[in-house]
Every structure is written in structure tokens, then in C-alpha cells.
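Labels for the chains are A, B, C, D, E, F, G, H, I and J, by order of writing; each one numbers its residues from 1.
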Amino acid sequence: MSDLPIEVFDNPQPGRDYVIEHTSEEFTSVCPVTGHPDFGTIVLRYVADEKCIELKSLKIYYQGFRNRGIYYEAVTNTILDDLVAKSAPRWMEIETHWAGRGGISSVIKARHDG
Amino acid sequence: MSDLPIEVFDNPQPGRDYVIEHTSEEFTSVCPVTGHPDFGTIVLRYVADEKCIELKSLKIYYQGFRNRGIYYEAVTNTILDDLVAKSAPRWMEIETHWAGRGGISSVIKARHDG
Amino acid sequence: MSDLPIEVFDNPQPGRDYVIEHTSEEFTSVCPVTGHPDFGTIVLRYVADEKCIELKSLKIYYQGFRNRGIYYEAVTNTILDDLVAKSAPRWMEIETHWAGRGGISSVIKARHDG
Amino acid sequence: MSDLPIEVFDNPQPGRDYVIEHTSEEFTSVCPVTGHPDFGTIVLRYVADEKCIELKSLKIYYQGFRNRGIYYEAVTNTILDDLVAKSAPRWMEIETHWAGRGGISSVIKARHDG
Amino acid sequence: MSDLPIEVFDNPQPGRDYVIEHTSEEFTSVCPVTGHPDFGTIVLRYVADEKCIELKSLKIYYQGFRNRGIYYEAVTNTILDDLVAKSAPRWMEIETHWAGRGGISSVIKARHDG
Amino acid sequence: MSDLPIEVFDNPQPGRDYVIEHTSEEFTSVCPVTGHPDFGTIVLRYVADEKCIELKSLKIYYQGFRNRGIYYEAVTNTILDDLVAKSAPRWMEIETHWAGRGGISSVIKARHDG
Amino acid sequence: MSDLPIEVFDNPQPGRDYVIEHTSEEFTSVCPVTGHPDFGTIVLRYVADEKCIELKSLKIYYQGFRNRGIYYEAVTNTILDDLVAKSAPRWMEIETHWAGRGGISSVIKARHDG
Amino acid sequence: MSDLPIEVFDNPQPGRDYVIEHTSEEFTSVCPVTGHPDFGTIVLRYVADEKCIELKSLKIYYQGFRNRGIYYEAVTNTILDDLVAKSAPRWMEIETHWAGRGGISSVIKARHDG
Amino acid sequence: MSDLPIEVFDNPQPGRDYVIEHTSEEFTSVCPVTGHPDFGTIVLRYVADEKCIELKSLKIYYQGFRNRGIYYEAVTNTILDDLVAKSAPRWMEIETHWAGRGGISSVIKARHDG
Amino acid sequence: MSDLPIEVFDNPQPGRDYVIEHTSEEFTSVCPVTGHPDFGTIVLRYVADEKCIELKSLKIYYQGFRNRGIYYEAVTNTILDDLVAKSAPRWMEIETHWAGRGGISSVIKARHDG
């Protein structure tokens, strides 16, 4: 995990609990069964403790899934685990929204309480 | 029930309660009274325990209602009962939305607490 | 009241509390003061006990208001009282939405706890 | 036809061709076959010659269809014929939009060139 | 205050707590500083006790602000105070929404608990 | 073709060219390759000559595709050919809109000039 | 007319025909029959010749209708005539959109070719 | 801080807790890293104690960020701190919404309890 | 070009000019300058001559751009050239819509007349 | 003009007339009269001849208006003139959309035929 491209910076207001939300509408990974690409939107929502997640590195981190075969449920939990490990937030939530496959669209929501 | 086409796979993160939602906008069954087709959207929302529901088999399962005469209320409760029996979730909810008949549209929501 | 055209059928799943919602976008009655027609949407939401309300009879029942002079507040409470009397639900809610009159649109919401 | 409730007033600017459009979202008539009410929106669009159509009388005229059994196609052509006869416009167009019946919604558009 | 044009009528169902909401999208007053008109939407939401507010008189009452110089905050509280005084509701809420001034739009919400 | 369930009625205004449009949002057929159901919306637009198409029979006709394996392009041209043969319109147009398959949605538009 | 508050400024690019459009969503006048206020949106669209219309003075000009009793058709033609007289455009168009009265909303469109 | 351009006026109704919300869709600052402009919407929501925030001065205050290099998180907390210091509200909340950068849009929400 | 994965099938109705449109909302390629992924929607619109384009092969063909560095303008013209070469249509049009980069979104439209 | 930051690159398909459209929703300049910022959206639409406009340089060029006092009409014509001079297109169109000032929003459209 030490080689994840996620970078952090000092929380400018650690004395206050406030919510930060970043929504990426340009996420793509690959279905491990069919090999076809999956397209989704990733919503990250958290209350920082000492560290905030740097936006450009978050984008690079998300791009790392581009050619990886992985299920929706695993993408969601992996992102949550990685970002928690890197930024140690007071609270964090990942919501992934997936475009339809065979007429079925999906949403997965996972939360970490620090 | 043993012959339902629903398949499951191992929950990749059973240590965490997280919500999975699959929305199928392409559901159709038949009105048992008039014989005319009904068209609806089925929302499945659950927290998996040991098993997650496999998407392609869910689609096949839904297609099994295509030529079956059944009321809205029964569709909703049947889907909930079948999916609970097959996947033993911690919590599950089925919401069915039905296009208008004679100027009246309908929504049915049922929940199972594991 | 015995002559209301509302019909009921047996709740297919009385062992479970689940919510049924029927929305009629084609309701019309008459303003008792001006004699002009009023147009509205009626949302019925309930948890059935022993009996569910049959959709076609509900439509006929709503049509009975077509040429009746009656205020918004009275329409709402009358529908709630009639449907409660006929179906004895565990819980029921009526929401009426009314198109604008003189630039003012209205919503009335009444609830019955069984 | 002399007893139609449509009233007209002098065109304030007969020297200019300009378009007047009145949209009524609260039209209802009755299906001549089933006896069930139909709900629609009526769009009237015209270039007046000597006379403009008075709005309140237009509303009363539309209300006259409330309990009349008549097909969509006939409603559309009847309104166009009546309004042309009463106001002798340079050009007139009637568009009727009808809420869904059995999953089918309809639009009828008829035009008169003066 | 005795000369406010607000009229009331008997609550048809005083035995039940139900919510009445009237939304006027056509409110205008004048900015006391610049003299320019302000345009807003007024939402009135209440649970009646003995008396309901009559709609046409409400419209006339709102028209009384047309040429009056008054701040958003004062409009909101004045309407709430006037309507409470005239109708003695169990509960009442006024929400005013104001179109943008210099790129800033506003909402004011005040509540009275009877 | 003589056994198609399409019925017609006399055009109430054959002296005028006017457009009739019926939109069915509840069409389903089957993909001839995969056997999976396809879901679509069918827009029929025409200028009648002597005969108008009866709505209820149109609905029954559309339902005849429910379990038939047929491509989008063939559905569109077949409906156009059948309705032209049955109603001999002055002009007719069929537009079919198809929900996404593998992230690709489709529209097919065919026209007949009488 | 010389006292109309409309001001103009030199067209910065008279050598090119280009379209200028100003939309005011905050127009109000008074119905000459009922005395109730009317609310509308005014769209002004023109190709300037030597002079462009100054925005702030346009706003003041529109405010001059606030307490004036005048029909929709007259408002539209009056604004067009006044602005043409003051700015001598190559081409000008006024579109007025009016909120619903008794369930009927209206649009009036008039054009001047210079 | 004494030189902030924020002005206040007396709360017209200090005896009542009511919510005031001002939304500015025209905020811009500069990214401290890339030097490129950031565009956002600022929502201010508060319950005034003795003083209300004057709208025009709020606009001027926001304009002060136009050419300042500052992160999203810092903008949000700075605005909250400045407005709390100037107006001593009973409760205040700042929500900033930021247009996408590299396909990622953001929302920051901070709250002060007086 | 002979190795492009595009497949065709016989036009079921070559005697009629009709329009086929396929919209793929899940296209991604790579910016040749920055190496960052681009996300877009591709609209293909054509009138077939002898051959129609098979949908599944179209999807596979689009997936071939996934890791290719190529400009918007080149993607659009390349797709048009490839599909024209493979299907020899009577007329074809490609519209590509691209999500924002640095606050600028783009659309490219190219057409081939057979 | 030689110092404008606009860069061009070779049109990859000069043999075909195709339309390129870039929409920037993040434009801001300053009102020359009041000194307050103006916010707008700029749509550039053109058919390239030999040269296409490079996106990043376009963004930098637009940023050059950030602190410049200039009218809507002048912004529009200036951008059109600058981009024509730099890229010599076959055809070009600039549409600027401006957020409301005093309740009036504006659109300016200018076109150059090469």
C-alpha cells in the first residue's frame, strides 16, 4: 500500500469538524468476468482529522483502476480502505454509482467511522 | 424454490455493513385480471452477510416474471422472499415502481430485517 | 357510505408491514364558490392490514368527485375517511396537490394512524 | 354555433402579424367508448386579423367539453373550427396533448390557413 | 391589524392535525434602500386549529405588499405574525424565496409554534 | 397480414391535413441473437386519409411483439409497413427508441410518403 | 414618447449583424379588467444598427408598467413600438410569456423588420 | 479583520429563531498551486442573534477573493470565521460548491454553533 | 483497416431511406499531450445502403480507443472514416461530446455524404 | 494582437467541413460602469480551414478578460475578431450567455463567414 499515489496536506482547520466531498464522474474499471469496461461515478465524503486528501493525487489514484478487473463491491471497499489508511479521517464514506449493465444500474455505499 | 436462477458470490468485505443497490428499469409482468402487460422498475437494496447477489443471475430471475400473471403487491413480496431465502442478507428492501394504469401509477416498498 | 364504489382484496402478505402508494394525476372536482373546475393529483400511501384497495375501483371512486362542489381541505379529509372506513389500514396518508388558482398552488396532507 | 360562449375583442395592433399563444393545462372531456374521463392540454396559437379571443370566455368554452363524450381527433378539429368561425384569424393552430391511456399518450395538431 | 384583508373559514376537520400548504409564486414588494422591485415566492404551511385561511383573501393580502418598501426579513416575519394573529393556527411556517440581486438569491424561513 | 389486430375508424375531418401522434412507452420484444428482452418506446406520427388507427387495437398490435425475436431495424420497418397497409395514410412516420445495451442506446426513424 | 426612460449607446460593431437578447423574468403589470397583477417574462431580441439599448434604462422602462392596467397583447406591441422608436434596430422581436390565469398561460410574439 | 467590508443591521425579529439563507452563484478565487481561477457557489445559512448581514456588503466581501490564491477548504473556513466574527450569529453554516477540475467537483460544508 | 472489429449485416429494408442512430455514453480515450483519460459520448447517425452496422461489434470497436492517445478532432474523423469504409452508408454523421477539461467542454460533428 | 496567447495546430482533416464547438462555463470579466464582475458562458463554434484552436491556450486567452472592464457586446465581438485573426476559419460563431443583472439575463451571438 505504501506505493499508492495518494498525497495528503495539513488540514487548515483541524479544530472544526467539517465535511469535504469530492465527486469524480469519470471513473472506469474492467469487469473481471466479461472483460468489458465499467463506467461509474465515485463520491468521497469525509471529515478530516490531521490530513486532507490532495485532489490531483486522488485523480491519479482513481486512474489506476482503469485497466484493472474488479467487481463493484470490491472497488468501493478498496477505495475506502486505501483512503482511510492514507489520511486517517474522523469519518469517511464512499458511494459508487454504476451505469447500467443489461438494464440494471447499481450503487454501493460504504462507511468508515474513525 | 431450489430452482430459482439466483446465484450468489462471497461478500468481499463481510466485516463491514455496506449497502448494495441494484435498479432494474426493465421489468415486465402481466396483470392477472386483464391479461395486459405491466411495466415497472425494481429497486433492490441490501446489506449482505456472507453472500452477495450476482447481477446477471438477478437479471435472469427478473425475466422469469415476463409472462406471469401477478399483482404488484405479490411481485414485491415474492421478490423479497426469494432474494432473502437465497442470500440471507443482514437487511433487504424491495421497491417496485409501476407505470400508470388508467391515470394511476404505483409504488410498493417492502423490507426484511435479518 | 355503504354505497362507495371502493373494493378491497385480501392482503397477500399480512405478516409484513409494507407501504403501498397509488398516485392519480387525473383528479378533478369543482370549486364550491366559483363553480370552476379544480385539477389535482391525489397521492394515497398506506400499510394494509387485512385488505388492500383495488386499483380500478379506486379510480371509479375518484371519478365520483368530478362534478361535486367541494373545498381542497374537505376533499382530502373525505378521501382519507372513506378509504380508512373501507379498508381499515394499519396506517394511511392522503396528499392532494392542486394546480394554481390566481397564482397560488396548494398541497394538503392528512394522516390516519390505525 | 351562435351560442358558443367565445367572446372576442378588437385586435390592438391589426397592422402587424404577431403570434398569440394560450396554453390550457386543465382540459378534460370523456371517452365516448369507455365513459372514462380524458385529461389533456390544449395549445391555441394564432395570428389575429380584426379580433382577438378573450381569455376568460375561452376558459368557459373549454369547460363546455367537461362531460361530453368525444374522441381526441374530434376535440381538436372542433375547437379549431369553432375558434376560426368566431374570430376569423389570419392563421390558427390547435395542438392537443393527451395523458396516457394503456401506456399510450397522444398529440393531435391541426392548422387553419385563413 | 384589524383592517387586514385576511378572511378565515371553519376548519372542516378540527379533530385531525393535517398540513395545509399554499405557495404563491407571484409576490412582489419594493427594496426600501434602492426603490427597485423585489420578486419572490411565498410558501405558507400550517396546521389549522379552529380556522382555515381563505385563499382569495390571502392573495389580496399578499398584493398589499406590491408598492411597500420592506426588507426580506421583515416581509417574512410580518406575514407570519399577521397570519398567526388572524387564524390562530396550531403551527405555522413561512418560507420566502427571493430572486437574485447582484448574483445572490435568498431564502428566509420562520416558524410559529402555537 | 389480414389477421393483424389493427382496427381503424373513419377520419372525422378528412378535408384537413392534420397530424396524429401516439407514443407508447411500454414496448418490448426479444433480441433474436441473445434471447434477452429489448425495451423501447414507439412513436407513431401520421396524417390520416380516410381512416384513423384505433388506439386500443394499436396497443394489442404492439403487444404481439412481446415474445418475438426481432432486430430494432426490422421492428421499425415492420410496424410502418403494417400500419400503412391497414390505414393507407397520406404520410406516416415511426420512431423507435431503445434502452441501452452494453452502454449503447438506439433510435430508428422510418417514414412513408403516401 | 420623448420622455421614455430608454437610453442607448453606440453599437461597438455596426459593421456586423449580430443578435442581442435580453430576458427579464421580473415583469409585472395590472389586468385592466380585474385589477389583479399580471406577472411575465419579457424577451427582447434585436440586431442593432447604430445604437444599442442600455440595460439599466431598459429595466427602469419595464418598471414603468408596474401599476399600469394593460392587456398582454398591448404590452407586447407597446414595448416593441417604444424600443424600435428609440433605437432604430435592423430587426427586433419581443416575446412575452405570462404566468397562468385560470389554468391558461400565454405567450405573445411580435416582430419588427427595420 | 477590522477592515472586512461586511456590514450588519439590526435583526428585525430577535425574539424568534428563523433561518436566513443567501446563495451566491458567482464566486471566484484562484488556485494557489496552478494559478488558474476556481469558480464556485457559496451558500450562507444562519440564525441571527442581534445582527443580520447586509447583502450588498456580503457581495463586496465575496469579491475580495477574486484574485486571491486559496484552497477550497480554506475559503470555506475563512468565510465562516469572518462572518461569525462580524455578526455573532446563534448558528451559522457555509457550504461551498466547486465546478469540476480534472473531472472532480467538490463540496465543503462547515458549521458554527454560537 | 481490414482488421477493424466492425461487423455488418444485411439491411432489412434497403428500399427505404431510414435513419439509424446509436449513442454510446461510455467512450474513453487518452489525451495525447497530458496522458490523462478523456471521457465522451459518441453519437452515430446514418442511412444504411446495403449493410447495417452490428451493435456488439461497434461496442468492441469503440473499446479499442480506450488506451490510445488521440485528439477529439481525430477521434471524430477516424470513427467516421472507419465506419464509412466498413458499411458504405448513403449518409453518415458522427457527433462526439466531451466532458469538461479546465472548465471547457467540447462537441465535434462530422458528416459524410455517400 | 501578435501577443494574444491563442495557439493553433494543424487541422487533422482539412478535406472535410466539420463543426468544432468549445463551451466555457467559467468566464468572468468586469462591468466597465459599475466595476462589479460579470459572469458568463462562452460558446465557440467553427469550421476550421488549415488550423484548429488549441484548447489550453483558449482557456488562457479567456482568463485574460478576468480583470478587464468591457461590455457584453464588446466581449463577444472581440473574441470573434481575435479568434478569426488567429485561426482563419471557414466559418465561426461566438455565443455569450450572461447571468442576470437586476433581473435581466443576456445572450449575444455574432458570426463570421470566412
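Here is the rule we go by: a residue touches a chain if its C-beta (ideal position, glycine included) is under 8 Å from a C-beta of that chain, and two chains touch if they have at least 3 such contacts.
Owing to the predicted nature of the structure, the values given are computational and were not obtained by experimental measurement.
Common partners of chain B and chain H, by the touch rule above, are A. When the C-beta contacts at F-I and at E-J are tallied, the pair with the greater total is F-I. Taking the mean of the C-alpha atoms as each chain's centre, chain C and chain I sit 51 Å apart.
Averaging C-alpha coordinates per chain places the centre of chain A 28 Å away from that of chain H. Centroid to centroid, with C-alpha atoms defining each point, chain A and chain E lie 45 Å apart.
The multi-chain contact residues of chain I, meaning those touching 2 or more other chains, are 25-26, 36, 39, 59, 99-103. Chains touching one another, given as pairs, are A-B, A-F, A-H, A-I, B-C, B-D, B-F, C-D, C-E, C-G, D-F, D-G, E-G, E-H, E-J, F-I, G-J, H-I, H-J, I-J.
Contacts from chain A toward chain F in the complex involve residues 36, 39, 99-103. Of all the residues in chain H, the ones that touch chain J in their complex are 25-26, 28, 36-37, 39, 59, 63, 66-67, 99. Per the touch definition, chain H reaches chain A in the complex via residues 71, 73-74, 76-77, 100-112. The touching residues of chain I, counted against chain F in their complex, run 11-13, 16, 18-26, 52, 55-56, 58-59.
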